[in-house]
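Notes follow once the structure below has been shown.
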Amino acid sequence: MAALEQHADALVTSDDPQHPANLICELCRKFYTLGWVTGTGGGTSIRKDDKLFIAPSGVQKELMRPGDMFVMDFESKEYLRRPPVLKPSACTPLFLAAFTLRNAECCIHTHSQWAVLVTLLCERKASESNVFAISTLEQIKGVPRGYGPEKKGNLGYYDTLKIPIIENTPHEEDLKDTLEQAIQDWPDAHAVLVKRHGIYVWGKDVAQAKTLCESLDYIFQLAVEMHKLGLPWVKE
Amino acid sequence: MAALEQHADALVTSDDPQHPANLICELCRKFYTLGWVTGTGGGTSIRKDDKLFIAPSGVQKELMRPGDMFVMDFESKEYLRRPPVLKPSACTPLFLAAFTLRNAECCIHTHSQWAVLVTLLCERKASESNVFAISTLEQIKGVPRGYGPEKKGNLGYYDTLKIPIIENTPHEEDLKDTLEQAIQDWPDAHAVLVKRHGIYVWGKDVAQAKTLCESLDYIFQLAVEMHKLGLPWVKE
Amino acid sequence: MAALEQHADALVTSDDPQHPANLICELCRKFYTLGWVTGTGGGTSIRKDDKLFIAPSGVQKELMRPGDMFVMDFESKEYLRRPPVLKPSACTPLFLAAFTLRNAECCIHTHSQWAVLVTLLCERKASESNVFAISTLEQIKGVPRGYGPEKKGNLGYYDTLKIPIIENTPHEEDLKDTLEQAIQDWPDAHAVLVKRHGIYVWGKDVAQAKTLCESLDYIFQLAVEMHKLGLPWVKE
Amino acid sequence: MAALEQHADALVTSDDPQHPANLICELCRKFYTLGWVTGTGGGTSIRKDDKLFIAPSGVQKELMRPGDMFVMDFESKEYLRRPPVLKPSACTPLFLAAFTLRNAECCIHTHSQWAVLVTLLCERKASESNVFAISTLEQIKGVPRGYGPEKKGNLGYYDTLKIPIIENTPHEEDLKDTLEQAIQDWPDAHAVLVKRHGIYVWGKDVAQAKTLCESLDYIFQLAVEMHKLGLPWVKE
């Protein structure tokens, strides 16, 4: 058993800053500063080859260390490493949805206040409360157009960015079905907003997931400010 | 006397970053960045075994050093260490209330502007000005449900978070009676807002107190933004 | 070819923190913190003697390293160094406009949300939507008066600062003609706002471009807040 | 002359972080992060014994080094050290006013946007546009009551904080007369707001000036938010 544990610890021990266990810690320190993972909220997972590295539940995200990571075998969904004391992230089934259905390699979940406010503003609308839409902003060009060879590159300036919004559930893992449904219904989406909760964002690699998450958060903050100033989100 | 002083200094001297005297300094540097202890405002105390470690009054919180800490014997309430020059925190009787009545091990007092604005918005209401209430937000799940075995875990998504608000007094130590009364009247509360002043937050350990403080501050900021956007705090 | 590559790498290798390749990295880390280059947005270029140093396209600006820089010969406009993998910045023709037409030595492009909001507020106005104007603020004194010996120094407190606003285009490089036109039409301008996009700012050296960029961003944020509070931008 | 220069350089060379030349650099880095000295704005001066240490004009405040400091003999008002290239701060006569008339040992000048917005909101009022007044906030207790033995300590919770506002002038040094007049007219003031410009704050030592500056900035930000939310500044 001691040998097994040593083997498991080796999975998260590396001098390479690009190792997923190190990278998740570095990302979460940044996300803490951005206000995305306040009070142990949010989560991050990276898929590397046949393994998933997942930040644990309920920890101070800015203080995480590589040894806190859960490691799961992607095919069998069995844990290769479970840190004693810590609990696996309730986001795990949702990360899996993005990894499986969209072949993503990184999935980020934030509690960004701007994301929450955007869902609240959409909720109040009589119609189309299940989608956030905005157009004609340069930063939209930071959002991938979709999947597959004919959807290469990012959205254009005149495009309308649409992000589906799903209902929140009392238990995070119960979001799985509606998140998967949203991924099916919105085949181009790289992100799903969760009402009064936050956002799930994924990408083909860490850089895409992280920079997309930044671009979207920028757009949500801008959208809230635009609303305060009486400026419409979709250009007429 | 030199021997006594040496003995007292040993109470706050440690290489362990988890030692309360080190931890309070680290926390206060973070709180300064978050805008919670601006201009020497706010305070923090940790109880470890039979000793209380308390940040002094009137110092620049981001510059504090372990040697600035007061140490009090929890049972006798006598100071085991009083740094010369510095004054004990006026929050001390309030920290004691949380430690004694709620068996807390960490108590944090902030002057967060969002907390103050929330009390001002509640004050203006004709009724129920002595409680802040908000519901149906994921971040509410960062707040403990209460005390005792049957109140294990945290509030749920559909629960309404309620934080009592007490009147401010000219002298901080005079908040003691009303704070203690609020603790009695709100047996589940882990925090009390003080009108036009800030908040006291406590927890069973440092991690709980600090992350709860973050979750509440997140909720207060969201509440102020929701108010600006005409969104009700409690979902109808 | 190996020799050529070594020669090219020498162009961006220096221990001097003031070397353009080092300076651009340092600036972009700062700009990331200021929210100016979120999600790989924005860009920066420095001209040193007969060479241009240009941050690449589509990279995380806070993580850039000197080895990521493109180097261009200013006269021939040919690349002396192209990092493999990376793409040259789409801002390059716009940086060239400032370097060529205004003899600038540094040009900064940000996606500042305040800049974007100011263009949105101007867009809504029936008249003069192609210029942002504000007066009677001390920070205006951080803006150069213009070019040439008789326009020495900066604007005065009672002056009205005017920044031209140009339409955005789907492809950044297509901004070149209108940016050049704006530079011609506004012979004193050190900056051009791009609608729903951001701003281009330049200066005779790095310090002037960077501090001007800060002063303008400060003014844009103030302008948005003034608008929320019903305060006119130009003093009557 | 080389000997003279060496002597002058010794005035700003010290390993002690509390040496004024080091302290001003440290403070200005902090002030930059707080948005108080954006774009070379603002300034800081410390009086130590018979010498004044003054940050230069027009430099990037977060990059300042001890060698950039001007040193003035307090009695003769002659420079003991003038760094070549750099210009003395236009704030110097205003710092001198606080040092001379109020026996201050530190004076801070910021371009805080909250301070500017507060002066704009006061300017719009029909009456009393020359004073900012606010009451019944805990943070007011961070403001000294005045000068002299009978004004010991700080304002109380129920007190009304009043900060005089003076008109701005095209040239900073021309503020001297009105600032001195305001100091005479408001014998208890530790700060003077300058319309559409910023604030001058002073204290008996660095800690008092800096923490007062923080408390006031906190109050100004709160005041702007209160105004947005329709909450009166002075409690009725």
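Some observations on this one:
In order of appearance the chains are A, B, C and D, and numbering begins at 1 in each one.
Heads up, the rule we're going with is that contacts are C-beta pairs under 8 Å (C-beta built on N, C-alpha and C of every residue); 3 or more make two chains touch, one makes a residue touch a chain.
Quick caveat: nothing in here was measured; it's all calculated off a predicted structure.
Taking shared numbers over all numbers used, the subunit C to subunit D interface scores under half, which places it in the different class. Summarising the inter-chain layout, the chain whose CA centre lies farthest from the centre of subunit B is C. When the CA atoms of subunit B are superposed on subunit D, the rotation angle comes to 90 degrees (nearest 5). Subunit C and subunit D, compared by their mean Cα positions, are separated by 31 Å. Centroid to centroid, with C-alpha atoms defining each point, subunit A and subunit D lie 44 Å apart.
Across the assembly, subunit D contributes residues 228 that each touch 2 or more other chains.
Two chains count as a pair here when they touch; such pairs are A-B, A-C, B-D, C-D. Contacts from subunit B toward subunit D in the complex involve residues 35, 38-41, 60, 111, 113, 116-117, 120-121, 124, 168-170, 194, 196-198, 224, 227-228. Subunit C makes touch with subunit D in their complex at residues 136-139, 142, 156-158, 207, 210-212, 214-215, 217-218, 221-222, 225-226, 228-229, 231.
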